[in-house]
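A, B, C and D label the chains in the order they appear, each numbered from 1.
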């Protein structure tokens, strides 16, 4: 009897430019903050970054047809594909004039990108890149597949953000990325240009992926090794505000040029209280990590941003990324994350709750996905797509059950009325995991980075069984419940 | 391009009566040594046996069609299926007269089962059981599949072997099984009868499965909990001799009644020296465990049996069961098995060689299968079938790679000229693992023993990919090399 | 301020003949069931026993002065020292006549050993052994130390118990040890003789050590490898009855010949319910393991023995051995021991309760000692001595804290009014741990079995600090609470 | 017979101001870079520092008598005690004039601190602090003990180094510590002043402790969380040069004011090649980490510093700190540290070489101490003191053997002619382990940081046995060889 998903439910994959595109000669894009960041010898020496280089990656820029073939064979009918801003505009767009409206407090409340500005942008833009993206995206669309175009996935053009210069000179003397309000304006120009050039292709737009990771890791949890590694609450706060505004202003420009729903992708980590009396601090922690940002662009009111009418109702759908939980307990006046649970476990070990942990030390905790789907649905009543879910598991010892248990939680939420439209696995193929490099392997498909050859992991076979039937077949129902090892 | 197996190479499964048949009402067979053994309260209290009961098993006796369906879906085209002697003859056959020829030392050198004896046996035999076996075996044959009938897989009729009485009264005052020479004679009657009644069905005959386990665990390694748990070198030695003779005399009777090749199935554990200077003792240990028996029935000469012309050339094919290795080092005048390798590891751990270990603490060591295929081929030059290979892995974290790495070693041996005819996985579905009960799960297919429902493990999907194409497809080549975790 | 013990509280060690005496030429005693048991090649091959031999042991028979020196240096002022029956009577004493009184059901209710019988025994006895024991015991006494003589610690003279013959011939055709009622009578002769010859030496008598281990492991939990490894509830039951009677009759004879208090040593394992609803089965299990026997010889009434006035009040003091707990849960109509707790853990691992486990896989659980001291005191109101407590920990990573935490629990029970007279550590020096051989090292003092040299473990230094001050000094109070690792 | 150390061999402890002094009211010293660093909310949020505060430390500032008592009881006869620059000069000393001589390249080659300058410094100095240090140091000296005064152990006065300002404003706009050459000059003033005021007390001077840690962690391995966490090869390089010069100029001033030998304390980690072919890169790595600095101040020539006659022969004795090794292999053109060995192991686990690892994940590898003693002796022919050696082991499961195995290696080097004068354990009592806070416990003596009470660990008893006899007594010889667990 199995567990059926709606007929129009999408099974697919998610992809980002920096992590997947490079790999074969001609695919290098050195014009980003992340490129200089991961190549910086001081970063490598300090082990902030792995020493692996993205130009040795899976090579989707050239091999996209092959990857689309595999996706098709695995029963996938949708994908979220990223565009790299830096490939489109490797040079500054500062000189292109746009109208920026501000409120009395100086916040940017609207950006008008006129036809003339688009034409100017077109002169600056890298046409080859635009055309190549059209080829990639069309190849997927022409197979009759659904397409989500994502416009920002962590990499900024180097002319907007130079993390090495930030370190050397200070954040006030170097291109400061999202800390600098200009990034909002330039982002909107870029988004308008893409809408103008490629707006016929997507079924859905996505403005950005996991903006909170950018400001929390980039400016606070700097040991993880994301640019600019500049420890500052104030910088984090500014970056957050600008990302919120960038989303809202991009939303408007996308709605003006196209009639496709515009969403955002957010990592919705469940913050679980260690014990009942920690519930308030766990909620506070989760508010800060998840709802603070999302409230801003839906309700138009949040703790960090305050009241902003100009941000309200700027979301048509919500992309949820989910990997694991955090277990939180009260600590002094605030809270702390408990080691031994969630993202804070021993790689390849067992969590204190008896759950197996992946190669990155992330606990398998599928129940959290259900909880977050419910919480987000009840709070925002927007259509949801699971835009990332997967695990770093080179030898595929956990992934088959990871897949089945998480898809079961999606089904459970669906069956209780949550409006979920699809499930995009992270990832189709192994790729470049940011500061961890190639060691963390998230693919249903193993990649030999030397030869760029693709090999199926067993979980790919299971994915195919489920995706091609749009159900968890009865014969796999035994894999839908989490393993508890103690 | 993948690794191809010969077109006529068989992919299939192996099965035994006691472990698979029972499960649904009407399938119980209480007339065996193993039945009384695993139900004995003293055995259970002592933890020699698990306390699980075979009558709660997978229920193949009734569900064989369903299991054959699954096997077919998984691309299987051959099977080894066992017949339970005790189901055919639940009462003694002592009174049926046969001619027993002996040599000057009193060894049984020939047993003549006349037509009249067969008719007498027919009056004693349980016709319903004979007919039911015909149904099971025909169901498989009628699908166009290859069939190996195995005639003995560890269970003896209770009238020949009562292990509880052996314990209570002594081995000289109770039905003593293979220690008693009469078991040889009764076995040959039973074999002759099966050949007479079901001889049209098999493609190959197998006299018995892993006879060495019967006498080594039953009479020496008694902590493992096999009947009769009677510690005695002398009894082990007698049992071995009788098993050798039983095979040889059964071989003759099978050849007389049918023209199908007759083989034996043997567990060919690779005994690896810890260091080069241990090679002689490792070879001695392996001779004792493997070649001593097999030499007897091929060369007609062995250390334990001596020179016996009547045993020579009594084998048409060899079934090889392989699970793991033993690492051996010199110890005093003899040798000992090293903990931390092979079968002597921590369940779910990592061996001292960095190999992952299964739920039973058995190290994954595929290279040993290749070595034993080569060794057996070079020694006997008989066609080989891998008749058992698999792993106890409830959550399928190891099995996909276990399968691919072992099939790779089979391919490697094939490619070097070893005449291997097939690979039968142990097991198709979870079953009753002797004194360990249901805790050790060997199935490609998970069984819910409550409901008897079958569920596919991911490894079943991989098996299907390989078996249905008779190759290890290129896209799974990354799984053919063993994992080494340190 | 530290935790003070009463001034007359004894700190000391416990010792047994078979485990400690042998080691140097001339110390071998081959006339016991255990000697033949551990030397039997079939037992060794089956891994029921280690293959280590007691004649390679620490050599107390010759080195007792040195060990007494060490004990003295460590602040010990008491010891329990065993006498080996087989050394005193290596030949049968059957022919010595004694009066055996029986009740109407045939139970032995009194044994009168007349003067004449003692003289006959004296002719059979090995005088050298008697004298040598006098030397050993006097050496200790002459240091002004307290002495408990223990008369039976698991080894029986071979003429009373031949476990190999029991296996080969059956229990009805071989010297059957405690299953045979004659063992009761011969034991009392031996005890009377010792009282007559060495009765001036001890401060306290002990009839026997851990009788329950003898019948439960010898006849039920046979995988542990104790003689005769004869699985039989009935034999276990008989052996228990005879041990109870042997104690009671020995008690009488000791009281007749001497005026020293007579006790028994018992292993009082705490049986803890997994959850509250398992309490009844845990209590039932503990009754069977502990109170059934002890009730018989105190209250004169027990489940196994029934009502026996002749057994009542036959105990002056109680020796408690404590190592770890068992966690028990309901299982069908009975109960089962849970792996992952108590004695059923991974060697060197951590229990499911987060407690460290020793080299034998025994969980450190000091609270259980307190509970059993209280339980035994409340039930019997007899003076208690902790006669064994210690841990198998070759590298002394656990022993210091094991010592401190268990001594803390003793102190706690003392402070609540439990009448505890002393604490005897098991063991002073490494010794022969029965079927495990030399691998399990319980000594405060490391023994190099090659050279017989003694080395102090750090825990010996801690023992000295505590014993010599008769308190847990304030500066070690941090070690009195159990470690919990999760 | 034991292993004897020379009669004048010193057993003692090492101590540093920031880690030990604070704990009781009145002991706080907020005027250092480390104080602001560990209190900074952004550092805490980023987990660069633990969130523990040094003002909750063991409180040596007030409890020194008690700690000296303990040290005396443990048989210690020497100590290295640190003075906190910031306590002496909490305000800048820039205005005190001294003569700075430079070579043609501008390097500081001599600093002359005139009498007048000392008097000016005396007006700025905190007299209470000077007097309190005199009390502490005299208390130790008056017990007839040897004293090494260490003048710099990582903490700089805040007026010289403000790591939070460095982060906020850039290294060119904030007090930059050792990156700023002025720190050399101010250091020499401070050293001269101490020599002038307290020069009667020490038996030996030490200029500084582990200078390489300051520049490698502070400017390169910034994930470890030491100030200023400013990633820059150039800054590291400058800091190193200034530390070298500071040592040399301080050496001169100490020699001018006193006649005590002047040394330096250095962490001499053994860099072991993974395989023979990695030996050259391992040597290169070790040169960079160890010999580059030490060569500068002895030979007057090194890779980083070049040829500098003014630095030559500026060392009278060498303090060696040793904790574990690093295993190194070739990686591209350079080398990398292998996880699973040395400092890069799982806390509480076992290294890939089978060695136990401490609470910080540091492998126990005593052989490396011997190697480094030999290497340093052969290279410099200076008297050596082991100035730090110990392990983070809260429950003392490793420390006793750690102590014995490392002292054995010291003895071995001594016996081969290496001129080793003493062994100072790190640490006497638990203390504040820099960015790790109180979780890493190095004490022979456990500290309850709430109550400041001291408790002995078992290893303290072992230390006493060895130190008080100046030998490893025969009875502890079994603990001198490393444990290898696989």
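We take it that a residue touches a chain if its C-beta (ideal position, glycine included) is under 8 Å from a C-beta of that chain, and two chains touch if they have at least 3 such contacts.
In UniProt terms, the chains line up like this: A, B, C, D = Glycoside hydrolase family 1.
The model shown is predicted, which means the values in this text are computed figures rather than measured ones.
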Exercise for the section: Trace the shortest sequence of touching chains from chain B to chain C and report its length in steps. Expected result: 1
Fill in the blank from the handout: Of all chains, the one whose CA centroid lies most distant from that of chain C is A
Problem - Distance between chain centroids, defined by C-alpha means - chain B, chain D (Å) - result: 66
Fill in the blank from the handout: dist(centroid_CA(chain A), centroid_CA(chain B)) in Å evaluates to 52
Exercise for the section: Determine the centre-to-centre distance between chain A and chain D, using the mean Cα coordinates as centres, and give it in whole Å. Expected result: 45
Practice task
Show which residues of chain B lie in contact with chain C when the two form their complex.
Solution key: 41-43, 45-48, 167-170, 173, 220-223, 229-233, 346
Fill in the blank from the handout: Per the touch rule above, chain C residues touching chain D in the complex are 395-398, 400-401, 446, 448, 454-456, 458-459, 461-462, 465, 474-479, 483
